[in-house]
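Down below are the structures I want you to see.
What follows is subunit A paired twice: with subunit B in the first complex and subunit C in the second.
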Partner chain A sequence: MTEIKANMAGSVWKITVKEGERISTGQDIVILESMKMEIPIASEASGQVIKLSVSEGDFVNEGDVLATIE
Partner chain B sequence: MFEKILIANRGEIAARIIRTCRKLGVQTVAVYSEADKDGAFVRMADESYLLGPAKVSESYMNSTKILTIARESKVDAIHPGYGFLSENASFAKKCEQEGLTFIGPSWQAIESMGSKIKARKMMENAGIPVIPGSNTPLTTAEDAALAADRIGYPVMLKASAGGGGIGMAEVYNEQELKKVFSSNSKRASLLFGDGTMFIEKKIVNARHIEIQLLADSHGNAVHLFDRECSIQRRHQKIIEEAPSPFISESTRQRMGRAAVKAAETINYQNAGTIEFLVDHKENFYFLEMNTRLQVEHPVTEEITGIDIVEQQLKIANGERIEYDQESLFITGHSIEARIYAEDPVSFYPSPGQITRWELPEGIGIRHETAIEKNSKVTPFYDPMLAKLVVSGSSRSEAIQLLNDALEDYRVEGIKTNIPMLKKVINHEKFIEGTTLTSFIEDHYLPMLSK
Partner chain C sequence: MDNNTYTNLVDKIKKGGAEKYHKINSKKNKLFVRERLEKLFDESVDIEDAFFANCMSEGLPADGVVTGIGKVNGMTVCVMANDSTVKAGSWGARTVEKIIRIQETAAKLNVPMLYLVDSAGARITDQVEMFPGRRGAGRIFHNQIKLSGRVPQVCLLFGPSAAGGAYIPAFCDAVIMVDGNASMYLGSPRMAEKVIGEKVTLEEMGGAAMHCSVSGCGDVLAESEEEAIVFARKYLSYFPDNFKKKPAAIPPVHPASFGSSISELIPDHQNAPFDIYELIGRLIDENSFCEIKKLFAPEIVTGFARLEGNVVGIIANQPKVKGGVLFPDSADKAAKFIQLCDAFNIPLLFLVDIPGFMIGTKVERAGIIRHGAKMLAAMSEATVPKISVVIRKAYGAGLYAMAGPAFEPDCTLALPSAQIAVMGPEAAVNAVYANKIAEISEEERPAFIKQKQEEYKADIDIYRLASEMVIDAIIEPDKLRGELVKRYEIYSNKSVTFTERKHGVYPV
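The block that comes next holds the complex of A and B.
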């Protein structure tokens, strides 16, 4: 099981995967917006998205879990 | 002069405007979001009012709330600063309808320059050179491909309502164009409410040089010379200087005259900037007009001795410009470095708690900032922390001063672009004054991978 965490504070601009979806390493799962810049967060693992912990518009801090991959 | 004005902005530019207001004896009203409640600019103002949550749509872009505060605090005028509502024609119009003076041009002038396609046409008709491009709105990838074929690749794909490099793409062939068209158009419609695109020929080996203008309501217009802004990342400026080390005196005069003509063509009033691209033969092409105060205005103030914010207030108050073109001249050289909260390698933003903030002081050093020792840099707004502005009697003196000042600049707790700025200003191309808009890609990024 791999937790994908935010590497900086910002708001969730877009979620690009769905729960249950199979994804591969390097695929973008969430796009954060911080300081007027969009930062794609890619998955570090391949597998199934078992949980999305955030919704679009949510504010996240550095280190917050965005999604869980198994 | 106005008795009291409201500043519809935040951070360093709000602080900058308040300073001039104090000098002129004008009272100030600051507005701020919850994220900025401890901001220096809030304390500097004579009165301050909370706008709402951090989100810009609920704070600095909330024109209804801002106008309500303006009414209740009984101000005479609103200064929009840059960004946010500064180039929003409908906000300027609403101010007028409320009987408030908008410190800037008329809403009609903002509107005509806000559409990049319309602006291109107006400038072309006025005899000002524009970049070869499409003068009709492009709404499909097929239309765009036809236009690009006519102009010849490489081309720049741009959003008509765009700005700040958003929605812009450099395209080398039809396949690439078709690939990026829909995504860029979609982004433009999402961000600007208008997905209309246009195409311009890509000017290779280009420099970004702009002319500062002042125009009053009595038909007088002057230019305050040029600024060289070629050092950019993601189409955003990082280092600006005045005057440009590249153009000859005769090109400077020709560009200045073209800019004044552009202002007269659209009956422009207040401070404004015409941005040009300049090729290696010193041919210059109209890029766009910024109908507001620019971030980099201090370098022009340094070489002319003119307080541009003061001129904005006086012009908005119906006064005449105190200068004619012949009485204006350049003294010395000035450079501005933008200090950003960002990783110097990935350019990713770096919000967080500042733990150390010590700025160098001395002759020829000017700071524009609203950051203090214990400031927290939030992720909600632009990453610019401060502007470091130096001036010397010559360009080499200014570069030396900037280098020394950057060495003594102490910021801890967050990452900044200071290491990058030092590398850039010590690069031989920068020292020679031969930098192009592609400098970061051509010289800085390769330095990192060495």
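The block that comes next holds the complex of A and C.
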């Protein structure tokens, strides 16, 4: 099980995967908006998205869990 | 001593420690110290002194360290290399004296000093002779600090560098660590458990992967000793032997071919990410990039490269990671790299695409102002040829940190897509018209914001900034390489002294 975390503070602009979806390493799962930039967050693991912990528009801090991959 | 005794003794010393320690090392894919040196040097060590150190004692061949002089890429370099088959590479009195002497030799000859570290630390039984005194281990670090910026100093970390020994890599220009075997720590996990009650593995606390990606104490993570040695040879090819000389040029090579041009690579939309490696690849001689701290603070990219055969040091924002925003670690990474280039006459190239320094509680508490100031100071002080190219945007103090016009770059170039401002249009309009936006109706808002953003964009238009001579030239993206080659050649005669004083006082 791998937790994908935000690498910087910002708001969740887009979620590009769905719960239950199979994804591969390096695939973008969430795009944050921070410092007026789009910050793609890629998965560090291949597997199934078992949980999305955030919704679009949420504020997240550095280190907050965005999704869990198994 | 007859000839037979001499030959026997030499053979014995050359073999290092007991066979069982050689076996333990080879199980961990560790090479014997003399094999490492053969791979590192063009031939081998040409001169070795104090080979017989401690030969009157049993089981301490060369006192656990090889010190000598040889050639790497034809350049003379001094080396010290721990032998971990001899009392785990620990330092006795003669070990320390040998290291100090080879450093003194490097200083006299003005040649690079290499440290091949694989040592358990001080030999406690010898502590009075090797630890506290004038020529105790402290002198090794004192010498390193004195050599810093005079000659290149590189550490290849093949095993532990424990406690005080961890300062050898700390004072080197670059530290290459072998994954799985190399480690740096002040107190071992066993000590941490006893003294502060923390339970942790060596790899978590002081392993190579951690140091190369989290602490920033390591610069390059190598998969094997061979890879580490190949990297060290490559790294040295970008350097002169001392601060008085310039790095040697090699025959020019065309950049690698890509499917698209620079203008096609850069997104129209300022906020969209792109991969800065792809831009770097289109500018530099093929296969010439030698990256430093690739895994640490990847929102800024630092590395050596060649432009028509000549060495440059590149500092580039990476829009693909954290938007290319500067953080405490990225500022720190850039500061050291800039100092390294400036020390050894390596011209600097700043590729700028930066939304600014990160804001928020977390980074303020981490001292982002202090770390950012470090980067500004290093960049400002650098007197080598210094070119700043604004690729897309340079906002706020990001412009300053990336060698903005006020910091005496030899020129500030901009691509037609560039924007330079205190902040981007969205942020600026929100800041300036916050009250007005709140007052007007929701239907009117989008049109109002758009209009103000357009006005703002016109105000910071790159042609306007060129007209005001803020920037020195606007360059077509696909002609950037040619422009850089031409300018670095012209600027190569640059010779300036930053200022006269003992030394600056910066937020280190």
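Keep this in mind: the second predicted complex is superposed on the first by the 70 of 70 C-alpha atoms of A that agree within 3 Å, B and C clash if a C-alpha of one lies under 4 Å from a C-alpha of the other, contacts with A are read in each partner's own complex, and residues count from 1 in each chain.
Keep this in mind: a contact is a pair of C-beta atoms (placed from the backbone, for glycine too) under 8 Å apart; a residue touches a chain by one contact, two chains touch by 3 or more.
Source: prediction; values computed, not measured.
*Asks:* Just subunit B (first), just subunit C (second), both, or neither: which does A:S11 touch?
*Replies:* Touch partner of A:S11: subunit B, not subunit C.
*Asks:* Touch check for A:Q27: first (subunit B), second (subunit C), both, or neither?
*Replies:* After superposing on A, A:Q27 lies clear of both subunit B and subunit C.
*Asks:* Thinking of the overlay built on chain A, is A:P40 touched by subunit B (first), by subunit C (second), by both, or by neither?
*Replies:* second
*Asks:* Pick out the shared contact residues on subunit A: the ones touching subunit B in one complex and subunit C in the other.
*Replies:* In the superposed arrangement, which is not itself an observed complex, subunit A uses residues 7-9, 34-37, 39 for both subunit B and subunit C.
*Asks:* Note which residues of subunit C are touching subunit A in the complex, please.
*Replies:* 271-273, 319-325, 327, 355-356, 358-360, 362, 424, 426-427
*Asks:* For subunit A, which residues are in contact with subunit C within the complex?
*Replies:* Of all residues in subunit A, those touching subunit C are 7-9, 34-40, 61-62.
*Asks:* Given the complex with subunit A, which residues does subunit B contribute to the contact?
*Replies:* Listed in rising order, the residues of subunit B that touch subunit A are 341-342, 348-352, 378-383.
*Asks:* Show me the residue ranges of subunit A that touch subunit B in the complex, using the header's touch definition.
*Replies:* 7-11, 34-37, 39
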